[in-house]
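To keep things simple, chains are lettered A, B, C, D and E as they appear, and every chain counts its residues starting from 1.
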Amino acid sequence: MARKRRKRYHAPGTQPGTLAAHAEAGNAPVRVTSFRYDASRCEEGAVSLSEISSLSPPEGGVLWLDVCGLSDPSVVRAIGDRFRIHSLALEDVLNVPQRPKVEWYDDHLLVVLSEIRYPGSPEQMAFLLTDRVVVSFQERPGDAFEPVRERLRQGKGRVRAEGGDFLLYSLCDAVLDAFFPTLERLGDEVEEMEERVLVSPVPETFLAIRRLRRELLAVRHAVWPARDALNQLLIEENALIRPGTKVFFRDCYDHTIQLMDMVETFREMASGLVDEYMSAVSNRMNEIMKVLTVMATIFIPLTFIVGLYGMNFDTKASSYNMPELGWAYGYPALLLLMAAVAGGMLCYFRRKRWI
Amino acid sequence: MARKRRKRYHAPGTQPGTLAAHAEAGNAPVRVTSFRYDASRCEEGAVSLSEISSLSPPEGGVLWLDVCGLSDPSVVRAIGDRFRIHSLALEDVLNVPQRPKVEWYDDHLLVVLSEIRYPGSPEQMAFLLTDRVVVSFQERPGDAFEPVRERLRQGKGRVRAEGGDFLLYSLCDAVLDAFFPTLERLGDEVEEMEERVLVSPVPETFLAIRRLRRELLAVRHAVWPARDALNQLLIEENALIRPGTKVFFRDCYDHTIQLMDMVETFREMASGLVDEYMSAVSNRMNEIMKVLTVMATIFIPLTFIVGLYGMNFDTKASSYNMPELGWAYGYPALLLLMAAVAGGMLCYFRRKRWI
Amino acid sequence: MARKRRKRYHAPGTQPGTLAAHAEAGNAPVRVTSFRYDASRCEEGAVSLSEISSLSPPEGGVLWLDVCGLSDPSVVRAIGDRFRIHSLALEDVLNVPQRPKVEWYDDHLLVVLSEIRYPGSPEQMAFLLTDRVVVSFQERPGDAFEPVRERLRQGKGRVRAEGGDFLLYSLCDAVLDAFFPTLERLGDEVEEMEERVLVSPVPETFLAIRRLRRELLAVRHAVWPARDALNQLLIEENALIRPGTKVFFRDCYDHTIQLMDMVETFREMASGLVDEYMSAVSNRMNEIMKVLTVMATIFIPLTFIVGLYGMNFDTKASSYNMPELGWAYGYPALLLLMAAVAGGMLCYFRRKRWI
Amino acid sequence: MARKRRKRYHAPGTQPGTLAAHAEAGNAPVRVTSFRYDASRCEEGAVSLSEISSLSPPEGGVLWLDVCGLSDPSVVRAIGDRFRIHSLALEDVLNVPQRPKVEWYDDHLLVVLSEIRYPGSPEQMAFLLTDRVVVSFQERPGDAFEPVRERLRQGKGRVRAEGGDFLLYSLCDAVLDAFFPTLERLGDEVEEMEERVLVSPVPETFLAIRRLRRELLAVRHAVWPARDALNQLLIEENALIRPGTKVFFRDCYDHTIQLMDMVETFREMASGLVDEYMSAVSNRMNEIMKVLTVMATIFIPLTFIVGLYGMNFDTKASSYNMPELGWAYGYPALLLLMAAVAGGMLCYFRRKRWI
Amino acid sequence: MARKRRKRYHAPGTQPGTLAAHAEAGNAPVRVTSFRYDASRCEEGAVSLSEISSLSPPEGGVLWLDVCGLSDPSVVRAIGDRFRIHSLALEDVLNVPQRPKVEWYDDHLLVVLSEIRYPGSPEQMAFLLTDRVVVSFQERPGDAFEPVRERLRQGKGRVRAEGGDFLLYSLCDAVLDAFFPTLERLGDEVEEMEERVLVSPVPETFLAIRRLRRELLAVRHAVWPARDALNQLLIEENALIRPGTKVFFRDCYDHTIQLMDMVETFREMASGLVDEYMSAVSNRMNEIMKVLTVMATIFIPLTFIVGLYGMNFDTKASSYNMPELGWAYGYPALLLLMAAVAGGMLCYFRRKRWI
């Protein structure tokens, strides 16, 4: 996830409200599915571009337009025309990735969320809510909405009995719930890394920590504004979201706080990992230095001593010149001396806890 | 405490308000005890699942349902049905661990706290307050409520004379009070670590600091939102909490501030420990380097000198070739020279305060 | 961009509202172009200093004065006199660089933005809005307004059908849109640097990171106050900005949030680069130390051994004096011994993963 | 000051409002002094436990009960009974140390401050204010109130002419003023440490910095909440504090801001000291490494050279075998060569600025 | 500037509102100058202590008392008596240095600012504003007010046509404008230091960075509260500052924001300098280590080899004992071998980019 940074801007100077497919939108066909339901039934059907202009929610029920793919701006334009959506809202739907946000227009509402699922790359989920109509836009097939669709089809839970605001809640909740397994996986990786950083403090480990931190940062950038957006939904008085549904959005908001809690905990742990890596590296360095120092300091005096008796002073010139060389037990005595020096050193190092 | 990270999410796509036992809830039987009391008496008794639907507070008195164990969702569901609790509140009770929080519903109130006691792992404590009824949920036997129960049984203090809101306060206060000994212990550990980091800056010490920081982080994550939740209780106008009881909740809120103060102080101290550890490690390194440098720089010139007189230039070829070797006092003079070099070095190092 | 810090102050003690050219304003002539338009037409024309006093918007239309260059204070003064602009507003126009801001005066409005385009240095863009009149000031030729001018000339989009507030929005939007390519380039550089820091952690890389961080800081200083300024435009009730246009300014505000998001992400990445650089440097150091240690510790004992048998003890003085020298297989045995010592060392180092 | 961390909690589960002496309260007798004064006179007298219940302020005047020592809860209880003080307020008086705070009860007010004077350990000062009555509680003899008592006795200043709120202000002001000399001393220590850290970067210096930072942290923990508490006094509308006295409390509040300013400046300086210590340590390390490197790199080639001519190749076997040994000027030439090598090295190191 | 920390407290226990000269106030005589002006004229004159009690603004005009020197509290007391200034305000005037602030009294206003000019030490500037009277207090001769005095004398600009609030603005503006050159100089120093830190990362450079950071901190402590104070002036409804003058104070406030912007930028740059210094030091260390390692690792094997052939094995005892010594080309072959070893090492190091 989030490996590749996505560009996020239209050409500077583009006229505001211009609807154009995003450069990376690909050209897979756009698939639009409609769910027309009320408490007693639910009709599901594919919708073609030309049918959009005649769509309407069933009497007393709700229409959900489930749009998959953003390659064809004309679909978005048709939906915008049909339900009188503000051109800036439509622009935000097409210009992925937007920051998660909620925007109020006169009689409709735009909710943008970011979905980060494992495995896969982040995907923008946009929702439009007007009176009894919900339109959801996703970038590519595969989403977290299947349980919601299933509940609609089978009439389980209260989703069919409630209005469009409850459907909007159900979809938002599904997107946010999908963060939990991703975060749990990242949490597992952080914990795994804590072992690794001590066992093998190699540059690869450092890179893995870096990658982990970046992924946590990506999740943070997706969740933090979602939290703000949901909070805004809660505090703003509005006819589109009924008070009874607000209790559910509050639950949703609560989930984002829990997510932030997890993200921040993992981020703090991951940032501690850098310290630990540095500490482990410097411990290694210490260990290496100790070995070098112990070896060098033991042998340096010994090497001096043997060098001493390698000198060629003429023992015959005077009896002061290296008489030791001529002693009967000179060599064994010297060996003993050197053993004592080395032993003394070792004791000293042991006492210092270097070895 | 807090050694093992706990998973905190239900399966993505779960229908909101679904009541299911948490994966780690175990299957110990759920034990429900009722305390029905008013100013003059207190009846205590075990309650079976079937009896829940007929429970009610005594005339003019208060009913406390003390639920221990979350393995059986049907108990929670029965309580929810009996007292008309919102399904999201019941879901929060079962989905441990929730973040500490207060949630207002139409005519009831959910308080979630986290209890961290030593020894043991964190435990979610949830409280429901409706008119004259308090329900407390804990994950497993063993809690901080025993003094409250004793006061109820013996009619000590004002708890029996007051309403359900005062009981709620007493229970919250008991949970928060249990943090103090835990924090004191962590404070003791931080202080103990301050000695240790200087005496033995080994990787084990670093790991112990890391563990300590993580435990402080866990306490922080439990106390910080509890503070917010209690503040919300204080500022929100509400019929469930009477003004007279708010004074007590303010005291409770005050305790959370004191707890945060302690946590932040210990955290700052613990974070200083990392610096100290690094500094101690680098002091060690310095010491090692000094020994190596002193040994090497003293013996390197000496070794050169003895090497010099180990050369085999033919003294007979010319009188310029190493005439020293033939001098009568060549060897003693050389020994003196080397002693002088070593002594000079030692003086230099002493002046530099390296030895 | 932002390589050279610009001085930003007038002489201390200058009388407030004094209009003087900035020291770095140069003396290129000031070029003033007027666009007088309404829904049906648009007249474009150069305006001389003397014509300014008689300028007025067309009946029911809008006048845009597009001022390029700040070297001549008399132009600014003439505009100020003609449209009764507050002297402090005029001073801010001339005293570049101002911090991006919005300032309300009785019946007019000053908007100051900073444009950072790649390549080039930052440039102050100031806008004055009064009833049906917009005046824009830029420091030098070359701007992001060309698409807006084109839309005015050709009557594309809604800009001609709307009032001066919409033109102001269009110009602000053009300035802010120009940040995106600059930021994308900085983002690319950050990513490129991430490779480089691992491959060649040399001081030049460190300097490049420093430069990058400073450029991000410059963008931050331009965008952050712009965000605040736009927010102020949105919340303040005012006759100059109509509610319908506020929706567009909200979109603009949204862009600044997106920009901040990008800046902060890049800044966090860039700040991580410093850690990585330090870590890479210390890894290098480790590697060097390892090579030194391995070489030294292998050869130090060997050198001692060969020194030992270079001693000149008199083998004839006694049979205890270095009898090994006279053994038939002494030399080959010693070579084997030394090979064994070296081999043992190598095994030890391999086991320690040093080589 | 603040050397020993003080425990701050009562036994978990203690009934709220329980009045018990703190574990460290000692058993020195509690001394209560009353000051009954109005504009014209001031009666001072010792008060015994039994007299408390009949105490009252003089007609139109003020009663100050000056309580010294917290070892006897019955004194606190008697005062509470006499002036109808809330049991939680009394509990806060006894449970030292509380966080500095202001608590409003129906018709009285609790102010808790912490006094940190040099030398000595922190002490809790609690004040109760009801209509025309001020009660002050301190933990042990010795306080900053003597100038206030003197002013009361001699009728200097306006304290006798004003009400209880002004006395409360005078006492709070005295407590806060006592922080200034303590902070100045800490500031002096920080400055002294700045010299020391450069001259002798030894572990003892690091420990002294640590101690200093902890003392600053203790002052911060005493002043920061005092600031909040005073601010709350200022903003809350209340009959106990008259507007005319609020001007004085504002001055008091201003002092806490000045104190915070000083604390934060010293803290920033002290935190810079850690960096400086680390930098000084690493400079030392550098110096040591340089000496080692210079010595080693100069002598290593020389030692090789002398070793070369210590080889025993048989010069008689062929004229290719070390003919230098037989040259007439071989030895002097070699000495020159080695001098040249050493000199070249020294030049190189000088150019690199290592020596 | 700000080299020497100034004590800031009066003796603890001092009666509030006591007017006494500050310990460092010196005893230079206090010089009071009056400017009595209206739109048509301006009278300037020295004022003696006895004249103060009879001073008054001209009919419909403004009186400015320009007080230079704080050594004589009786001057301050006389001014306070004449214009009925609150004693706490007078105390703040004398007790330098106060934190920059604005304090409202019933019918007058105290503004305290801090002036930091280069070269020189910080100086407190206090202003009192009552109806048509402005009193300014400065600690010593030399200020930024000369241009304001000149404008008063010559009637330039609007200062003479406006009231006392405009004069107050003009004086505040002059004080704040004086920060800009100081900050520019600090900015230049920061940039200069950026070169220096790379070229000569010696402890002196580190000290210079430290000094620079402290000076920036001092400016920050002067500007930050000034910003808050001016903001308070703007938002508080008050008869002393007319709406028309508020526009000018807003400009002043804007300058403090620009100043903060500059301070924060320089602080961020200066704090980056510490990282760069550390990085430069560690690069140096690396370089030194490389030289040592290259020298040591090249010569260590060579020294071993020459040691090997310095051994004294008896070549006559057997033909296995060092037959190389007797070979005709043994010595040249060995020299070649050693050259090969050294060359191989050099290649290896070059490939590793160590040399």
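Here is the rule we use: a residue touches a chain if its C-beta (ideal position, glycine included) is under 8 Å from a C-beta of that chain, and two chains touch if they have at least 3 such contacts.
Quick caveat, the model's predicted, so the values are computed rather than measured.
Steps from chain B to chain D, taking the shortest chain of touch contacts, total 1. Here the CA centre of chain C is 25 Å from the CA centre of chain E. Averaged C-alpha coordinates put the centre of chain B at 41 Å from the centre of chain C. Shared interface positions of chain E, i.e. residues touching 2 or more other chains, are given as 282, 285, 289, 292, 296, 300, 303, 307, 310-312, 322. The touch graph of these protein chains is a ring, one cycle where each chain has exactly two neighbours. Beginning the circuit at chain A and passing next to chain B, one meets the chains as A, B, D, E, C, using touch as defined.
Of all residues in chain A, those touching chain C in their complex are 5, 7-10, 12-17, 86, 88, 91, 98-99, 101, 103, 105, 203, 206-207, 210, 213-214, 217, 221, 274, 277-278, 281-282, 284-285, 288-289, 291-292, 295-296, 299-300, 302-303, 306-307, 309-312, 315, 322, 324-332, 334. Of all residues in chain C, only 144, 146-148, 151, 156-157, 169-170, 173-174, 177-178, 180-181, 184, 187, 191, 198, 247-248, 250-251, 254, 257-258, 261-262, 265, 268-269, 272, 275-276, 279-280, 282-283, 285-286, 289-290, 292-293, 296-297, 300-301, 303-304, 307-308, 310-314, 317-318, 320-322, 354 touch chain A in the complex they form.
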